[in-house]
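In the two assemblies presented below, subunit A is common to both, partnered first by subunit B and then by subunit C.
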Partner chain A sequence: MSGLHEVDVAIVGAGPAGLAAAIAARSLGASVLVIDEYSAAGGQYHRQSARPGPPASDATQAERQGRALASRAREAGVAFWADAYVWAAFANAMLAVDQAGMRRDVRARSLVVSTGAHDRVMPFPGWTLPGVMTVGAAQALVKAHAVVPGQRIVVAGSGPFLLVVAEGLAKAGAAVEILEAARFRASVLATFLRFPNRWGELLGLLRTLRARGVGLTLGRVVMRAEGQDGLQGVVSQAVDARGTPIAGTVLRHDADALAIAYGFRTQVDLARMLGCRTRYDDAAGGHAVIVDADTGRTSQAEIYAAGEVTGVGGHEVAALEGTIAGLSAAMSLGYTSPAALSRLAAARRGRAKAQRFADVVAATFAPSRDLALLPAAETIVCRCEGVTRDSIDRAIAAGATTASAVKRWTRCGMGRCQGRMCGWGLARLVAARTHSPMALADNLTARLPLKPVSLGTIAGSNPPLVK
Partner chain B sequence: MTAPGAVAPVRFTVDGAEVVGKAGDSVASALLAQGMRILRRGPGGEPRGLFCGIGVCFDCLVTVDGCADRRACLVPIRDGMVVERRLG
Partner chain C sequence: MSTPAFDAVVVGAGIVGCATAYELARAGLSVALLDKGDIGGAVTGGSLACVGTHMISRDEIPLLMRSCQRWSGLENELDFDFEYNACGQMRFVRAPADLEVARGWLALEAGFGLEGALLDPAAVRGIAPALRGPVLAATWSPRDATVNPFLACRAFVEAAQRLGCRVHPGTGVTAIHTQAGRITGVTAGALRIATKYIVNAAGPWADAVARLAGCALPIAPRKAQCLATTAVAPIIPCVVGACESAGGVEAGYTQIQQAAHGQILFNTVLAGGVRTEARPEDDLAVDRQFVLDSVETLLWLFPDLRNVTLLRSWCAYEAVTPDDHFLIGPVDGVDGLLVAAGDGGTGFNRAPMIGEMIAQWASGNRAVPAMTPYLPSRFGTEARVAA
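Then we have the complex of A and B:
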């Protein structure tokens, strides 16, 4: 045990928001500690290759930017704890951290929560088969390890992220097909046309996909995954605007990998444990930490939030929110610089502009109503505890009206992942069955420890895990 | 010696059999590169593999050097590492 680490500003999560917050707070003179669960800074967006040596010549812009941001932070004197996660938080920004099996405690005068988001998944028949993974998993394999998860890959679900990941998989040599659940409406396209600065990016992506022979089908949903000990094929069906499958449109696709996600789900467990108030916005990832847009301040004193935890908006919004929160956190502790106020003002303007586009994207890919009907009676909904849809239905029939009531009844969402994977699907199911709003149904609460931690770590008696 | 630009091989074992991965692989990526998709069995005995790939879902748990429940997607491979899957 290494005693209590005291710091002006602690930042949890080293993605675009956390790195920007760290650089901003440090630039005003505050001492800054960044805590991140991975071995390299950058989060999902700026994920680095894990291969030793200099960056590859084909490193993406996101990877290069991440490397530059991380070294800028380090050169400025930001402390970085890698392989470290916060498993509990207490009043006054006290954090209990597990770093590779070692217990480390932190007390921060100000805290920035930038824990990001993860893929949002809906359970469906066959989704536990090896070879079925999230879109983020496929991307991490390619970006960090240069490993392609299959030779014939279906990328499905919803959101612009599908295109980006499909491009990476195709460039790495896989045959890729994209099934996008959304059916674009004219009004959405008209709105998109108001953002000409985004056309180039999208057209470039579509052109690369076409050149690589990647098919893109709109309004089609993966109904089930098939295989014995691993994925062999995927069955899809066209859906209408409500997500209702259309008769006579079933297709089977040979595939040895399926990458699937319906956008992202915010990771607000730490913020909620700290008592930060949230609002509910299903299109923007579910629970979102309520912040004052001008400062990033949450409902709790000296706790700030930035990035996807305040509502999924992409890396640009996240980085600007990080700058706002980092500057505000340092300024509230008395640090400042002549340029601080103008930097804050510029970041606020930039954020407002980037958020307008993020809102269009969120509305375009808002998950449809009938996705909740994907799991069959015998489909495992809770991967950790093996809870099936029919046992959830029995709990609902017996009176459960929220996800957390079903959790107590069935153990759905009570396993190691604390409902991170099944929570949204469970809530959607409850909301559909009981005709209640997601804001009420989606109420699983992560409990201490936020992620599994060994007793040896808590007691501070563990030898460090060999990395 | 490894040629410039080439990635050094890393030798480890999975359930007693030697597997050769590349420096920078996680346990999960090294196994997937060998076509080994099954990492454990779920509560009903059904096969499970890498799912979220970013340390969130805890579906890829394996035993590494005697330490149970390590996330295969996060643990980097090392020469001589002993990985065991719970397939029973």
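Then we have the complex of A and C:
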């Protein structure tokens, strides 16, 4: 069995928040360990290409930035564990890590939880067809595995991430069409105009998309996917500003791949396992860790959170929160530098401004309640266990009034993905049927293991796998 | 708005509360079933739901036998498939000293006409070929069964609803109303119900509910945890438990079984690990040492499971009484207040019988012989107040 690894600051998740936290904490002299489940640091935003060597000429700006950040952290002496995930957290910030089959135990004096968020999906007829995937999965295919998921790809759902992934897919050679569920009201555009520093990013993206012939339609929702053995087409319908489908607006789009997600769902299970208090904000990804904005401290001593786990706000907020949490974590352990306080103050100012923009984005792309109407009676909601909407409805009628109650009676969310895929859709269905708020309906709890882990790994008797 | 009236209100929709609501409704009473959380969401949902007679309780074997008999016909009676599986139960012996304990139990149970055997390691492997660990022997009780705890609750609840029972999950009792020492009603948040009987089936919260009526019950919570793997092909054909060691549950326990969907459910608590000061509201974390002990014991017995993956874990709180027996029956001092709690982690074994006893009492039979050993009055006033 491997021994206990002790470190000043452990950071879980190497996305924008985790990388910033690592650089900040290390810059004050703390020993820092970053644990990330991917083989290359960067997270979803800075997703790295599978190709070794320097970034390719068509690498996105985000990919280049991620590589630079990771190099900077490494050169500063930050330790990275790649292909490693924390499958459990116990008392005293003791982390149980599975690194490619090997058990590693970590005890950190301070912990920064920057586990990010994952695609938020709503089941709809045909969503289990081969060729239908989440937006994040499409990005991972093209970036990490250099596989283009189709020749004619519809990118649908909601949120700015659709544009980013559509850009990557188009650059990889696919014909891409974007269907964005949100409609932009004049008031939103007016607010957006108050953030001129963000115009360049958006206009750049839109220019690339136009140059690549990518169509963008607002106010359209994918109602179903069609095909026999694989995806052949996507049926969409226009929705009004409240998200309600408008009669007589049905369109069919030829497609052999569909990448779809309605924004992100915060990945708070580790933080909740550690006892950190959360609030509920459906527009910002669901359960969000409550932090003191000035330090990133959670309700638990010496546990900090940064990035999307505190409420989905995008990479800019995440990185600033990471800096705040990393500096605060190191300072609470007695590390400091002459510039520490002024750096902290600058990051706080920047975060407050970026958060105002993030709030506008969240409100603009907030999912509509009518999404709960998408699955048909026979639509599979839980792919792991094959649970249909109909059997969920029957459980609700018999007295299951929360997601956890439906899970017990139908096995929805009890399978291998532990509700990552169906959890939000299930909660939306329960909330719609029982007229209860999402904060009550969305109550699946976090228990170990946070991801499946082999019994041999837990027993500590597996030899390390050579990668 | 007028206050709805029911003959009886059952507080707590675990397996005991659900079975009791069903039996009350079957006896012709109008019933409301309340739970502060989800139906079957607390200790019932955390249970491994073994329904048997073997090595459970030395002085309750006739009751356990009747309960097993009843369970074997409940899928038909309730018209619901809750994965009843008469798979048998094996209790492995690891320490030579426990061989005597095993023989003692088997002799006791044989006296009631129960089948059973002490298996040598070869016979153990005849039943469970994958159990390759170096056990000394194992007891065998062929008729013990398992049920799906969630679906068993649902079966009772749906059957009760068909008989007119009203079910209110997410509805915690906030006040119990009495007049001249008699139950008159209950308030649960915005819900007010008039009733003459309240059945307190609130498990580890039973004392807190009783206190709303000015009573105390000697019931304390005890942490119980469990692990589950991903689904695998059938490999564990029966319930596999550890033979009781001298010292009973205090000396630790192991239970392992494979659910209908293929997941292996397992737990091991070693000596000294049973008691905990925690309460359900404070601590629902699964403990590190528990995970390590459970995995180690499982792999000691079934080394082939090394590459199987752990998928889930959970924690619940059993309701424990000073003598490890249920409290069933009227609570002295408040007319119409009954209790049915104190599972000690084995509530499924008795739930249908408890429901029958309560229904008989509420139907007017104030001397239910089966209830006598379980009456809360056995602890006297002193014990009740001291709790």
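Everything that follows uses one rule, which is that the second predicted complex is superposed on the first by the 464 of 467 C-alpha atoms of A that agree within 3 Å, B and C clash if a C-alpha of one lies under 4 Å from a C-alpha of the other, contacts with A are read in each partner's own complex, and residues count from 1 in each chain.
One rule holds in what follows: contacts are C-beta pairs under 8 Å (C-beta built on N, C-alpha and C of every residue); 3 or more make two chains touch, one makes a residue touch a chain.
This one's a predicted model, so the numbers in the text were calculated from it and none came from an experiment.
Novice: Just subunit B (first), just subunit C (second), both, or neither: which does A:Met273 touch?
Specialist: After superposing on A, A:Met273 lies in contact with subunit C but is clear of subunit B.
Novice: Looking at A:Val222, would you say it contacts subunit B, subunit C, both, or neither? Reply first, second, both or neither.
Specialist: neither
Novice: Quick check for you: in the superposed arrangement, does A:Thr134 touch first (subunit B), second (subunit C), both or neither?
Specialist: In the superposition, A:Thr134 contacts subunit B only.
Novice: For A:Met94, using the defined touch cut-off, is the partner it touches subunit B, subunit C, both, or neither? Pick first, second, both or neither.
Specialist: second
Novice: Report for A:Arg416: first if it touches subunit B alone, second if subunit C alone, otherwise both or neither.
Specialist: After superposing on A, A:Arg416 lies in contact with both subunit B and subunit C.
Novice: Applying the document's definition of touch, where does A:Ala144 land relative to subunit B and subunit C: first, second, both, or neither?
Specialist: Only subunit B; A:Ala144 stays clear of subunit C.
Novice: In the superposed arrangement, does subunit B or subunit C reach more residues of subunit A?
Specialist: Counting residues of subunit A touched by each partner, the higher count goes to B.
Novice: Which of the two partners, first being subunit B and second being subunit C, lies in contact with A:Ala362: first, second, both, or neither?
Specialist: neither
Novice: Of the two partner chains, subunit B (first) and subunit C (second), which one does A:Pro452 touch, if any: first, second, both, or neither?
Specialist: Touch status of A:Pro452: both partners.
Novice: Which residues would you name on subunit A as touching subunit B in one complex and subunit C in the other?
Specialist: 385, 416, 452
Novice: Would you tell me which residues of subunit C are touching subunit A in their complex?
Specialist: Going through subunit C, the ones touching subunit A are 38-41, 45, 150-151, 154, 157-158, 161, 167, 169-170, 229-230, 261, 284-288, 291-292, 295-296, 298-299, 305-315.
Novice: Where on subunit A does subunit B make contact in their complex?
Specialist: Answer in residue numbers: 37-39, 44, 49-52, 118-119, 128-134, 136-141, 144-145, 147, 149, 229-231, 267, 380, 383-386, 415-417, 420-421, 452, 465-467.
Novice: Please name which positions on subunit B make contact with subunit A in the complex.
Specialist: Interface residues on subunit B, with respect to subunit A: 7-8, 22-26, 29-30, 32-33, 37-39, 42-44, 46-59, 61, 65, 67, 69-70, 73-76, 78.
Novice: Report the residues of subunit A in contact with subunit C in the complex, numbered from low to high.
Specialist: It comes out as residues 87-88, 90-91, 94, 96, 273, 275, 385, 395, 398-402, 404-405, 408-409, 411, 414, 416, 418, 440, 445, 447-449, 452-456, 458-459, 461.
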